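Some structures to go through are shown next.
Each of the next two complexes has chain A plus one other chain: chain B in the first, chain C in the second.
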Partner chain A sequence: MIDISGLVNLMIAEQVNIPLLYPIIYNFVLKIPVIGNIVAFLLGIPIIRYLIAFILWKPIFILLIIPGFGTLGTMLLVLPWLERKLVGRMQWRVGPREIAPRTRGSIQLLADSLRFLCQEVIIHKEAHKPYFLQFPFLYFLPVLLPLLFINAGTIGRTLVPIESEYALQLMIALISLMPVFILGVGWSSNNRFAFIGTVREAFMYFAYEIPFIIAILAMVILYGTSNTVGVVSAQTSWWNWGIILNPLAALTFFVAAVMATARLPFEIPEADQELAFGPFIEYSGIAFGLAYVMAYEKMYVLSAIMTMLFLGAGSGPAIPYVTPLLGDLYYAILFVIKTLIILLVMVNLRGVYPRYRLDQGLRIGWGAMLTLGLIAVAWSIVLGVVL
Partner chain B sequence: MKKVGTPEYNLQDKLKYHLSALSTAAKQVALPLNITTHYPRERRRWPDCFRGYILFDPERCISCFQCSFICPANAIWMKEAPSNRYYPTLDYGKCIFCHFCVDSCPGGALKPTKIHDVAYRTMEEMLTLTEEMVEPPEIIREDKVFVDYVIDTEDLSLKRTKGRDNLIVEIAPSQGVPMVSQCVDRASCIACKVCEKVCESGAVSSIKDEERLIVKMAIDAEKCTGCGLCVKECSMQILRLVRK
Partner chain C sequence: MENKNAHIQFLESGPLAPFKKWAAKWSLWPCHFITSCCGVELAHAFACPRSPQAPITLNLGISRQSNFIIIEGTITRKMARALQFVYGQMPDPKFVNVIGACGERGGIFWNSYNITHPSDIVPVDFFVPGCPITPEALLRGVRALQDKIMGIDRKTIEFKTVELPFVELEERKVPTSPKLYAPTPAIKVDVKQEVDWDFGKELADTIKKELNGLYKSVTITGKDRIAIRTTPVNLLEVARKLRDQMQLDHVKSVNVIEVPHERKFIVEYTASSYSVEALMPVLVTIFTEIGMKDPKIPSLTSVWESANYCEREMHEFFGVWFEGNTWMGKKFLLAPDTPDLPLRKEFKIPEERYVFEKDVTPEFMVPIEPPKDLYVPIWEEFIKDAYESDEIVVPIGPHHAGSGHLRVTFRIKGDVIVDAIPEPGFVHRSMEKLAENKLYIQNIPLFERLAINDPVNMNLGYVRTIEKALGIEVPERAQYLRTIMAELSRIEAFYYDSGIFSLFFGHTTGFMYCMAIREMIIEALMRITGSRSGPSFVVPGGIRRDIPDDVLKMIDNITFAVHKRMKKFEDIFVTNPVTVARAKGVGVLTKEDAIRCGMVGPFLRASGVNHDIRKVSPYEVYDKLDWEVTTGDDGDCLGRFLGRLEEIKESVKIIKQAGDAVRGIKGPILSDAILGEYKEAASDIKGSFFRVFGNLVLPRGEWTCLTEAGRGTLLFSLISDGESNVPYRVRVISPCWMNLRGFMEAVKGERYADFWAVYGSFGYFPPEADR
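Right, the complex of A and B next:
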């Protein structure tokens, strides 16, 4: 039998003995000179210093603040607004404006989410109640877990929560879990439109998943490693970014990401005009808010992976005075900016393309994209032999 | 029979069209054209002949009922005023803004405006009484800019000008076709003198013929405004409106 009281005593003892761990914490704490003084002051206060040290501990900082949960939350608030504004510009409209007109309606999403919070969540009689309510929340698991392996830094400045030799494989496995949650949402809604949307989602899942994996495989072959630290270290400057070395893999990955997140040329599962938001049709109130941002969460994760694989993660030109001041944060910010650019391109395809039919989408997935992916793998092998 | 199929594109064409679509979108994101008017803050400048809210000038009204007769939606009803004259009331719940009434008014008593945004709380309020038609409705104007649509060689674009557009236009009343009342069958006249009573402009007069003990009606074409009241009221229906 395990002596539980002894275990608890040990944990309490370790809590108390945290000051002994200071050297470790200070070695891991981000070296950001700007907030260094503030951190030093806060570290003088008894309880807050543990909290600060914990938050600024590298893995936790990446996972919670940038580019993890905090950035994801900010993106969810900003991205739909940016999307509506830019698509509005493309279509000669104005976009959201009436809420806070001086800031061009930038708090539109905040207002919307407030409204969602105040609305009643209707669960209809036929719905499978537990799954119906749980899946939009549980969706955060496969969204946040891939971020454990993301490397937002650059060479010599790795910003990765967990370093693993199988990081990319693990990420693919976790991302492949996401459609399961959408299928669960559609199934538990128990509605004919949700059912059609769910079946379409399943079809599209088969169409994009294989080219998606093959595109990542091509990059793994090219870099010779699936460790995210190694992947980022291989992209030293802009001329050997993945997108320059293997543009076909980048294109395949991008189109697969658009398919995976059901953005407009492949908005087949949601299909507003015929299925009225597909699997998410029965949601209302804050549950609808969560279901609405599901696609954006997935988009963020896929864009982050694309930044890491093809755009050199956080690498970029150092700006005098700014880079030394921000330290590690500078590279993380560069990473987020690159991710945002990919997100904006992905999101604004809505203003350009109409929707494909399901059979067209399947044909593109199994035909053109699979071919492109295989050519990309061959090109990676050729490059690997030549270089 | 010719069958229409899907257009066939080769890979080069497809790439070209994709790139052109994406570059157009990028161009519009950077330098967008705009055709949206920010309505309460700016107004589009409508032409002076805009068919909007209708104003009424009782001084010019001759109570001829023409507006009420011509209204295709039956929105104009005449109500009796304390002075025993009849003036129009307009039900905006029925009005289709064809402005036939404005065009048909011989005295120019009905006047078009550019006001097109009037709100009512109830359906009953939409029945606008004569007194309410004299003054324009109260408008809260937030606009500081007015907008014109300009069609140049390539695209439609907006031209914004600072200032306020005047919503109440001074427009000359419609002349229409000058008409005059005429008796087509003098032998059938029973000399009931309805036409004389009804005429506002005093164009109809009766002449008593003492010898033959009859009364003759005479219409002065110079004084007649062509309102057509006598034509409608004539008990024998022998009066007609003809061109002057």
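Right, the complex of A and C next:
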């Protein structure tokens, strides 16, 4: 039998530190006439207390709320809308506005996803049915699992679900799994365009994967550890963030992330005008909705890793009164803001760049980026010797 | 088709009905299925000034991911198959809006042999009338659809009733069809003309000397026009001699004229030269007569490659067998269920009527059988051959986010295109046949629909042919105003094409900028003519009405604004390193290839041939203004694009100069010769239109006229019998049709993704090519 009380004690010992939370609940929420009574009643039920304790348990809180799944879900709703708004502005137009004009059309994604949910899912005759249906759902795993190792804290404040000496390696392994599922999607679609898109994805995969790994390697050499806690602890303040110490590695990582998420100018596997969404051409309804959202998830994960490796994760200036009150949450929010900035840069590329050709994309991957990555590694070694 | 409202009922069923309805209302994703010219206005509905009102997203999705089709105008028999297929692929619930008059009952093309009605093929939710529709109307249609989805019944709208006094009118006679056909017209394409053209006489003598014994007669049929009559046997030899000795290196048109009462076809090839400057404006027509029974004639494809596609087309229309052309006996432009040999005189299309008899369904109301199969004209050996040589066959279009209405079948080896087989005709609206059944003046709006993003030049090409036949001099003021409008139209066409070019690279910003800039030019044309893209403003003898000075001032302002915005477009797209990387050195068409394929316009100039009809045989006031022809040497995608960009700058210059000059010139805008006794119409034709133009009859003979349209040389050839007030035969060679050959040539050997770079750089506009 599992020692529940021991687990509960562990959970209570490692609660997430948000000083503001308890005053708010005890001073405000519980004093509101009706709601306060309901909350008080709910808190009286043991299972709910355990549940709250479980959610507020540090690793789970990070994984589920911020910067984990909860934030990811919010991002998925907000990011495509923000993208359409920002790109719209660049294009002398307004973007979505008609739906709920007061909120500037911010619930557009809700309508889109609801529509996808209610729409017919077509499985065409030539598709390999089991794989065709499985892969978009299986794709979730490698996309979500890297979040387990992301450290959103700063030095002295570790906000990581799972601490591991091999965290970066595990992340790389999980991220490298993603294209395999896209290949599966394209293969099971059994369509000409899906086939071409899949082949392109495979080519691009090799082109960005190696610079991507080398960029991380450069940082591992620089920080001397592949533990995410160690990586974050090494970046104490802005002048020793990864991006300042080794900007080439940051650039390589960023370009590789853009390639990996198939954003313009490297939107080569999905090229709308050439392949009409490439591997996902045959998907309809909720299956396409998933595929559509998946790209944004991948972007979020990669941006989070970049924030952690190069932008000092949650480190930032402490604001008097605010920082002590928010506690852990403050650093997590800083982390999310940094991630969002990277994401916005990534999505805005769509308004600026056309699309490269496959061979040009490959040339950039195998040529310029590989070279940059190697220089970054050399620079890291030099820095390591000097520092 | 049994239950036309099944999709709405689906939304209203189940416990989640309100959510389903709400989601469907706000998430209408139109699928990218552009069928005809109204697609131009569709682009404007998403772009700069109208975007805030657009309740739909930009349509880049394909059928599986979208739930809404906007059918833009004409559905030809070929396109009907695609429509059926696309509709079948879309997941339920799905909605269909039809925009444009021709989507309803055919509109201006109602009696065409190649038109179907969308409502016979798919269930339609809303029709939006207009030809072409305005973007506002399109968005209004979408709103109506949203109301329908939410279950708001349009019948519940309460109308105010107003008492109007009823006035008894005397019964008026409905005008009868004023068309007069000569029953057995005498058709002659080499009517001799006395012109003051010394070089022509010399040339005719040289031709006679070179073609010793091979010709029957050599006639000068007008300034810069020579007709050579020969026999079918000698045709090939004549062509070869002309090409080798006379440097006539390309064909501008291949034409067949059927004379059923004499049981003969007249087959003519119109050749011209790009290599000799003196011969550039000269059109040499070689024609021969063959009997209607078993009409066979040697193909000149081996001599002039540029004749290839025209021969295929003529074979389909008339059944003339060009021996040696590989495509004989196959369909090229037409669908399998289109009537055979539609351009023969014995095939009659319904005529327009003002009064319909009771209990008789008018022709345009007769439902058309929806097609049963998906017709892809790729023969089995092709696929087998490709399979054996380890290549993949990929058909692109017509429903494809990167190809509006052209199907190209590729054979790809690795990533390289080995072979490209074009299949045009998805927007073939049979203008040449329709024109034979309309008065000369009625054809003006018809030919404008060739390219509604370049309307004035299309207009001008047709009208100038009539003027040439009638020998009318246009007043100077009208000439200047025509020039201004033609150049505005050219800029418009360029911005449309570069918008598409940038979209093909996935650069939506460039597309939006172009459409926003275009909107300003459309505004200028609207102030002048009152119509966004179907002005029909140029009429034989001048223009319809005078343009006041304040409008000219506004045109000046608009060109200034365009010039400024152009900088922004250049910054974001033209100088973008990715654009340059994608377009430079891609799709190269060498000078020799360009001449061989008979390229026209800016795409020919980009390959290094200095040929512009505006300079070669100047019309209107182009010779009085200071401007230059832009040529390039590279012949690649970037060169073609930049060349056109430079040309737009010249156009802006022309508009400025002409605008300044026209203010000093006062006078009529219609020529006295055409007005006759209706002098009061000299500054505005309104009210006298039918009286002045109703009974135009052209003199006997063939009248060919070249015009430099936005995308190149536009050729109109009118054959008149001298008696009827309708043309006996109209031949239109639009620039895109001529460019298709070179386009396919440029694609070969490039990478798969480069097809779109080439497509965009040629500004290929299928409605213009298919006619």
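Everything that follows uses one rule, which is that the second predicted complex is superposed on the first by the 343 of 387 C-alpha atoms of A that agree within 3 Å, B and C clash if a C-alpha of one lies under 4 Å from a C-alpha of the other, contacts with A are read in each partner's own complex, and residues count from 1 in each chain.
Operating definition for what follows: a residue touches a chain if its C-beta (ideal position, glycine included) is under 8 Å from a C-beta of that chain, and two chains touch if they have at least 3 such contacts.
What you see is a predicted model, and the numbers here were worked out from it, not measured in a lab.
When the two complexes are overlaid on chain A, chain B and chain C occupy overlapping space and clash. Of the two partners chain B and chain C, more residues of chain A are touched by C. Look at A:Q119: by the touch rule set out above, it reaches chain C but stays clear of chain B.
Contacts of A:S284 after superposition on the shared chain: chain C is touched, whereas chain B is not.
Once chain A of one complex is fitted onto chain A of the other, the partner contacts of A:A173 are absent, as it touches neither chain B nor chain C. Once chain A of one complex is fitted onto chain A of the other, the partner contacts of A:N348 are limited to chain B, with no touch recorded for chain C.
Of the two partner chains placed by superposition, only chain B is touched by A:L86; chain C is not.
When the two structures are aligned on the shared chain, A:Y356 is found in touch with chain C, with no touch to chain B.
In the superposition on chain A, A:V94 makes contact with both chain B and chain C. Chain B runs into chain C after superposition on chain A, and of the options 146-154, 164-172, 182-190 or 506-514 the stretch responsible is 164-172.
Note: residues 90, 92-94, 97, 351-353 of chain A belong to the chain B contact set and to the chain C contact set alike, using the contact criterion stated above.
Residues of chain A touching chain C in their complex: 87-88, 90-99, 108, 111-112, 114-115, 117-122, 192-193, 195-196, 264-265, 267-268, 271-274, 276-277, 281-285, 288, 350-360.
The part of chain C that touches chain A in the complex is made up of residues 16, 19-20, 22-27, 46-48, 51-55, 57, 60-62, 64-65, 67, 89, 91-93, 392, 394, 400-402, 415, 502-510, 512-513, 516, 572-573, 576, 578-579, 581-582, 751-756. Those residues of chain A lying in contact with chain B across their complex are 86, 89-90, 92-94, 97, 348, 351-353.
Chain B makes touch with chain A in their complex at residues 21-22, 24-25, 28-29, 32-36, 38.
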